[in-house]
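Read through the structures below before going on.
Both complexes shown next keep subunit A, but they swap its partner, so subunit B is in the first and subunit C is in the second.
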Partner chain A sequence: MSFFSVENLNINLGEFKLQQVSFDLDRMDYLTVIGPTGAGKTILLESIIGFWQPDEGRIYIEEQDITNEPPEKRRIGIVYQDYALLPHFTVYENIAYGLKKKQKQGIKEKVHEIAISLNIDHLLHRMPLTLSGGEQQRVALARALIVEPRMLLMDEPLSALDPKTRRETRGLLRHAIERFGTTVIHITHDMEDVWSLANKVAIFKDGCMLQFGALEDVFNRPKSEFIAEFVDATILKGMVRENRDGISIIDVNGFKLTSLDDATPGEKVRVAIRPEDIIVAREVPRDISAHNVLEATLEMIVREGKTSSLKLRVRDSLITVLVANSTLHRLDLKPGDRIYAVIKGANVRIV
Partner chain B sequence: MTKAHGFATVFIIMGTIIVLFVVVPILGIGIATPIRSLIETARDTEVISSIRLTFISGLCATIFAVIFGTPLAYTLARYSFPMREIVESIIDLPVVIPHSAAGIALLTVLGRNSAIGHTFSVLGIHFTGTSIGIATAMAFVSIPFYVNAAKEGFASVDRRLEKTAYTLGASRSRTFFSLTLPLAKNHLVSGAIMMWARGISEFGAIVILAYHPMVAPVLVYERFESFGLAYSRPVAWLIILISLVAFTTLRFITRRRRD
Partner chain C sequence: MHKLNLFRSALILVSLFITALLMFAVVSLFLVPDVKDVWHNIFSREMIFSLKLSVLTGLMSTFLVMVFSIPIGYALSRFTFTGKGFVKTIIDLPVAFPELVLGLCLLLLFGNTWLGKAFDSLGLNFVFTKKGVVIAQFFTALPYASRIMKSTFDYIDPRMEFVSRSLGYSMPETFINVSLPLARNGVLASAVISFARCIGTFGTVLILAGGTYMKTEILPITLYLNISYGNMGMALTSGIVLAVVSFIAIYIFEKAELVL
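The block that comes next holds the complex of A and B.
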């Protein structure tokens, strides 16, 4: 049996609900949960914690059925977006709050040790409301980890922070999670969190879990157009024309794509291509290993920090490509330019 | 004059009328009462003992409400259950019913001839004509002030703080006493002060349940009925002064602690 299992969880809270949610996690898994607002992500966390009693389904941790256990008996910690620090206690008292009943001795040492690891040891005497957002979140994290929870749940823990603090806190978070060997479920809207922290991803919409799996699986092989859009992949519909030794040639709106995935000729398929898996070139590249070289029109450039998202039109299909801003300057790319998109057959995935 | 100025002027004039409406009678009674009569009244043992009885009865009523009303306020703030709105309306009832009618209702169920009154009298507890009856009448009419303030206080405490405390292994009672209660404290204290203030000013319900021993509002009425306006005025002024000082002091202390 897995370290943690959710089996057929159903909860109806009127406005929000969860329907038939099932998944397993191994010890030290880091699951990020993504999905639009109102998808049921927070209810999932709060039902694992024990604040909502499911209408149906069971929750197991370490082979123990905790479905009917009260929150204080589950040993599952939670960190909220707005920190939920106790405003009338000092930082020290906040961190030590969960230790008080368990052990009288060694509290001071434990608090100092974790405070040093999260770089908040100089703040222990302060009141929470006098701290910055990043500092408050590190205190919340220290408070949750010090009791050595069997699992840690986080509801958008970094989204209230400015980008620089978010990066720093993410680094500290990763370090602390690795050090404690904690199994984590982390709700986020930020793909940076997903890429840099998770090994598993779940995508929720309207109370349903649309896809769950290893990070690469979900991002490379989104099961629906909704998921593809959510994870920034391009989904193209087509028909398999040929299969040569397991390599499929797919006709997509009049142009051909080669995929290393196996498919039967005549089969209608959808293929997923990740934006970072596509190379753009000014001239037709020659003598290259990639199977797919597509002539395209550059329709739009959207700058996103250090990278830019390019929308390429190939016949009637739109394909998204991610390039570094320096590439944009080097190739002198402008909307309306005729360019070439190069995609390896391994990166054209039939989903 | 601009439109904005005209708007502000109208509001200032209307607000001033309300303030004067409250202040003028209080100042009027003060101006009309010679200092000499006030000092004489302050030495009157009947007046002093009735003020003491009023304040202590009000305090007992408030303590009763704090002990029994706090769990109710928390329950109303935190849980949804069938007929919660009905319970909330019941708590508000004493505010809307005439207090003389409240006194009649209390006398009906707590009088010597009633089942409840008789049961208590066997235990040596009497409600009619006693300080217990006075405190009971005070509690009845003023309890909504405490319960509603406490309910608002508990509702203002972020539910996620409690949830987080549970996940850290804190029991329900530890969470309540270490977290919820301290964070709602200002509302509770403010509600208790308001309840006490409302309780000590009660006349209608008390006069029916316990004319004697005389609380301050009944004493003022009795002096007015027996001796007229001039004789009752120093008592009334003294009670107003003491109530104002007590109320303002309590408010000041709680505000300073809050700051």
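The block that comes next holds the complex of A and C.
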């Protein structure tokens, strides 16, 4: 049996609900839960921690059925977006709060130890409301981790922080999680959190879990167009024309794509291509190993920080490509330009 | 723009007019009586008895009100249960209920009924007694205190309680460690308003406890009895004492609200 399991979880709170949610996690897994607002993500966390009683389904941790256990018996920690620090306690008292329930000795030493590891040892005498967002978040993390929970749940813990603090806090979070060997479920809207922290991903919509799996599987092989859009992948529909030694040639709206995935000729398929797996070129590239070179029109450029998202039209299909901003300048790309998209066959995944 | 200013000015004028009217009414209470007369009346036997009984019953009622309003406010704020709407309506009822009718209801309840007899057998007779003063004040002030406590707990983020429970504390422990300390300003505001309400309760006390001279005589009863006798000095003095208590209560309430 897995370290943690959710089986057929159903809960209806009127405005929010969860339907038939099932998944397993191994010890030290880091699951990020993504999905639009109102998808039921927070309800999932609060059901796991025991604040909502499910209408149906079971929750197991270390082979123990905790479905009807009160939250205080579950040994599962939670960190919220707005930190939920206790404003009438100092930082020290906040961090020591859970530990005091667990042990009477060695509290001071443990609080100092974790405070040093999260770089908040100079704040221990302060009141929470006098701290910055990043500092408050580290205190909340210290408070949750110091009791060594069997599992840590985090509800958008970094989303209220500015980008620089978010990056720093993410680094500290990763170190702390690795140090304590904690299994984590982390709700986020930030793909950077997903890429840099998670090994598993679950996508929720309207109370249903649409896809769950290893990070690469979900991002490379989204099961639906909604998921593909959510994880920034392009989904194209086509028909398999040929299969040469396990390599499929797919006809997509009049152009051909080669995929290393096996499929039967005549079969209608959908292929997923990740935006960062496509290379753009001004001229037709020659003598290259990639199977797919597509002539395209650059329709739109959307700048997103250090990178830009390009919308390429290939016949009637739109393909999204991610490039560094410096590439835009180097290739002098402008909307309306004729360019070439180069995709390795291994990156055209039949889903 | 001109119309907008006219509208604004009209509203401000109405506010200022009513405030001035109220202010003059209250100020006249302090200006009309003779200071010497007030000073003399404050130290009269009747006023000292009335003041003592008012403060004593007010404190006891406030204590009882807080003992009940905190759990009621918390339950109404945090839990969903069958009959919640009904409980809310019934507890709020005395706010809109005439005090005299509430007094009459309590008189019937604690009079010759099984409940009244049960309390009586425990030595708790509420009809025409000082204990009745406390009960009348309790039921009059309870809705106000329960409302303030519900709003106070509504204002406290339940996730702080969730975190406390996830850290190993049970629901009662979390209530003691987290909810109650965070509600302290609300508790203070609620207690002050309850005390002011208890001290000023007249109709309910008059019907349940009776307005008996030097027996169940609290400040509003002193005011009422002395007005009836035509003793304006004593009536005005009790009015001034009641007004001062109210002012102090409102001042503390405002202070507590500011930091809530």
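Rule of thumb we're sticking to: the second predicted complex is superposed on the first by the 351 of 351 C-alpha atoms of A that agree within 3 Å, B and C clash if a C-alpha of one lies under 4 Å from a C-alpha of the other, contacts with A are read in each partner's own complex, and residues count from 1 in each chain.
One rule holds for everything that comes next: contacts are C-beta pairs under 8 Å (C-beta built on N, C-alpha and C of every residue); 3 or more make two chains touch, one makes a residue touch a chain.
Here the structure is a predicted model, which means the values were calculated and not measured.
Student: Considering only the touch criterion stated at the top, classify A:Arg143 as touching first (subunit B), second (subunit C), both, or neither.
Tutor: A:Arg143: touches subunit B and subunit C.
Student: Does subunit B (first) or subunit C (second) touch A:Tyr97, or do both, or does neither?
Tutor: Touch partners of A:Tyr97: subunit B and subunit C.
Student: In the overlay, answer first, second, both or neither for which of subunit B and subunit C A:Leu333 touches.
Tutor: Neither subunit B nor subunit C is touched by A:Leu333.
Student: Just subunit B (first), just subunit C (second), both, or neither: which does A:Glu72 touch?
Tutor: The answer is both, since A:Glu72 touches subunit B and subunit C.
Student: Look at A:Leu86 in the shared chain and tell me whether it touches subunit B only, subunit C only, both, or neither; answer first, second, both or neither.
Tutor: both
Student: Tell me the contact category for A:Ala115 with respect to subunit B and subunit C: first, second, both or neither.
Tutor: After superposing on A, A:Ala115 lies clear of both subunit B and subunit C.
Student: State which residues of subunit A lie in both footprints, the one left by subunit B and the one left by subunit C.
Tutor: Shared contact residues on subunit A (touching subunit B in one complex, subunit C in the other): 46, 49-51, 70-72, 74-78, 80, 82, 84, 86-88, 97-98, 101-102, 143-144, 147, 149.
Student: Which residues of subunit B touch subunit A in their complex?
Tutor: For subunit B paired with subunit A, touching residues are 158, 160-161, 163-172, 174, 179, 182-183.
Student: With touch defined as at the start, can you tell me which subunit A residues reach subunit B in the complex?
Tutor: Where subunit A meets subunit B, its residues are 46, 49-51, 70-72, 74-78, 80, 82, 84, 86-88, 97-98, 101-102, 143-144, 147, 149.
Student: Which residues of subunit A touch subunit C in their complex?
Tutor: 46, 49-51, 70-72, 74-78, 80, 82, 84, 86-88, 97-98, 101-102, 143-144, 147, 149
Student: Touching subunit A in the complex: which residues of subunit C?
Tutor: 157, 159-160, 162-171, 177-178, 181-182
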